[in-house]
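Here subunit A shows up in two complexes: once beside subunit B, once beside subunit C.
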Partner chain A sequence: MKARVRFFARFRELLGAEVIAEPAPGTSFLTLIRDVTRGNGEGHDAVFDEGGAFREHVILMRNGKRIEATDAGETMIADGDEIAVFPPVSGG
Partner chain B sequence: MLSERERERYQRQILLFGEEGQERLKEAEIFIAGAGGLGSPVAIYLAVGGVGTLTVVDSDAVDRTNLNRQVLHTDRDTGVKKVASAREKLEALNPDITIRAIDAHIGEGTAAKLVGRADGIVDCLDNYPARYILNRVALDKGIPLFHGAIRGMYGQATTIIPGKTPCLACIFPKAPPEEEFPVVGVTPGLIGMVQVNEVLKYLLGTGDLLANRLFLWDGLQGQATEICVERNPACATCGDGAERGRVKRRKG
Partner chain C sequence: MISIQAEDVDIGALIAGAKRPGMGAIVVFDGIVRDDDIREMELEAYRDVAEKELGEIAAEAKAKFGLLSVDIVHRVGRLRVGENILVIVVGAAHRQEAYGGSRFIIERIKAGVPIWKKEIRRGGSTWVEGDHR
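Our next item is the complex of A and B:
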């Protein structure tokens, strides 16, 4: 099973533009992003808070549809999913 | 009616939009929230394009650290109020339009009055709390909010049409932490142009707006991407249970 994870803006600088992941069936959105960011301290900490939850401003999308952070643990990844993870930028 | 001067000034774009289109721009009033990195290119191009009335609101004075990106202001404007500097440049660029330059802070109590009867709001702000206030004003007045934001070499833009698209709070329910953001002038230049392009299409009723689409720009990779965005039925601002100014007034 393959899923494409794309990062944007600051997350891209820290974690790279995209990762083609091969999650096992039954992997949740939350687990997938944790796995993909594991081993990258700064990248992981930009996406997740101290308790391991998504930081509240982080935007999560699957196939163009938003996933609420609170649902990410129960949302299962399907083969071919396109995942986007990004922080809104705020400057003007 | 366009004057002879105006016909000359806009000759090359009348080839695109026709005199009728140009008259529509002339009749329009656009509110520009902020005269900084985004506000500068946005105001300049709306002015030269002939949008008839531009309201520019900002409460800051020009600082030398602004000058790498805030192209409305020049070195000799340091210390001058941004709206005063903006008025001078915009009137010089196009004396055939009306510039309303207002030295004010966009806050909960002032925003609706400042926006007045504008046909649209261009978000050239640098923080989400003020953006959320304008988002609410746009919803209450039923006018579009042309959102843009930048950081470093990244940017984002979308066009919010009340009743037809998600609102800003549907797309970004939580503000990112505040910071002194890094920025190079080309990024707000580019995102500002996306916003102006949206304003013009909206006023002219032409093309496809960035409605329900979030435009993401990565200047490092030279790559633009877009992401579908949807209304959030549980949105605290526009959702079914949300308490909006208009709803409250109707009840009262």
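Our next item is the complex of A and C:
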């Protein structure tokens, strides 16, 4: 199973533009992002708080649709998913 | 025209292309790089999603305000002071709808479309913190 994880803006600078992950079936959104950011102290700390939860300002998308951070532990990754993780937007 | 692009846009051509027989007002919003003691501004977008959301906002504005045309061009890449960042051209039968539609579109873009600005200064650079989640 493959999933594409994309980071934008400040998160991209810290974690890279994208990672192609191969999560096991039944992997949650939260677990996948934890796994992908593990080993990158500054990047991980930008996305997660001390308790291991998504920081309040972090925005998550799955296949172009926002998902709530509070649902990320129960939302399972499907093969071919595109996951995006980014800070608050500032366009316009 | 709904577009996320690096190239600048010809606003005059957008206005000319927007005109329809029943149209009585066109409002142009041109967001430009302000000189906040910066050298340049860098714009980044989650391109596919941002373009899709701009299209949805345009459709919503058309339905809500009865607009006859909507064009939105948001630029990405490195821009200098005075360059166009975002151009919105809205046409309607009357000015009230055109002004209302234009305002609706810019506020919706700022509230949620995945685009980011980074201010490039002599001593370093900083991402602009958005107000919205």
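Just so we're on the same page, the second predicted complex is superposed on the first by the 88 of 92 C-alpha atoms of A that agree within 3 Å, B and C clash if a C-alpha of one lies under 4 Å from a C-alpha of the other, contacts with A are read in each partner's own complex, and residues count from 1 in each chain.
Please note the rule applied: a contact is a pair of C-beta atoms (placed from the backbone, for glycine too) under 8 Å apart; a residue touches a chain by one contact, two chains touch by 3 or more.
Everything numeric in this text was worked out from a predicted model, so none of it was measured.
**Student:** Could you say whether A:F86 touches subunit B, subunit C, both of them, or neither, answering first, second, both or neither?
**Tutor:** both
**Student:** Using the superposition on chain A described above, determine whether A:G64 touches subunit B (first), subunit C (second), both, or neither.
**Tutor:** In the superposition, A:G64 contacts both subunit B and subunit C.
**Student:** After superposition on the shared chain, which partner residues are touched by A:I20: those of subunit B (first), subunit C (second), both, or neither?
**Tutor:** A:I20 contacts neither subunit B nor subunit C.
**Student:** Which subunit A residues come up in both lists, the one for subunit B and the one for subunit C?
**Tutor:** 6, 8-10, 12, 56-57, 59, 61, 64, 84, 86-92
**Student:** Taking the touch rule as given, give the residues of subunit A at its contact with subunit C in the complex, in rising order.
**Tutor:** It comes out as residues 6, 8-10, 12, 56-57, 59, 61, 64, 84, 86-92.
**Student:** Which residues, counting only subunit B, touch subunit A once they are in their complex?
**Tutor:** 34, 36-39, 123-128, 148-152, 154-156, 171-172, 174-179, 181, 183, 188, 216, 218, 220-221, 225, 227-230, 232
**Student:** Can you list the subunit C residues touching subunit A in their complex?
**Tutor:** The contact residues of subunit C facing subunit A are 31, 43-46, 48-50, 52, 74, 85-86, 106, 109-110, 112-118, 127-133.
**Student:** Across the complex, what residues on subunit A touch subunit B?
**Tutor:** Subunit A residues touching subunit B: 6, 8-10, 12-13, 17, 56-57, 59, 61, 64-66, 84, 86-92.
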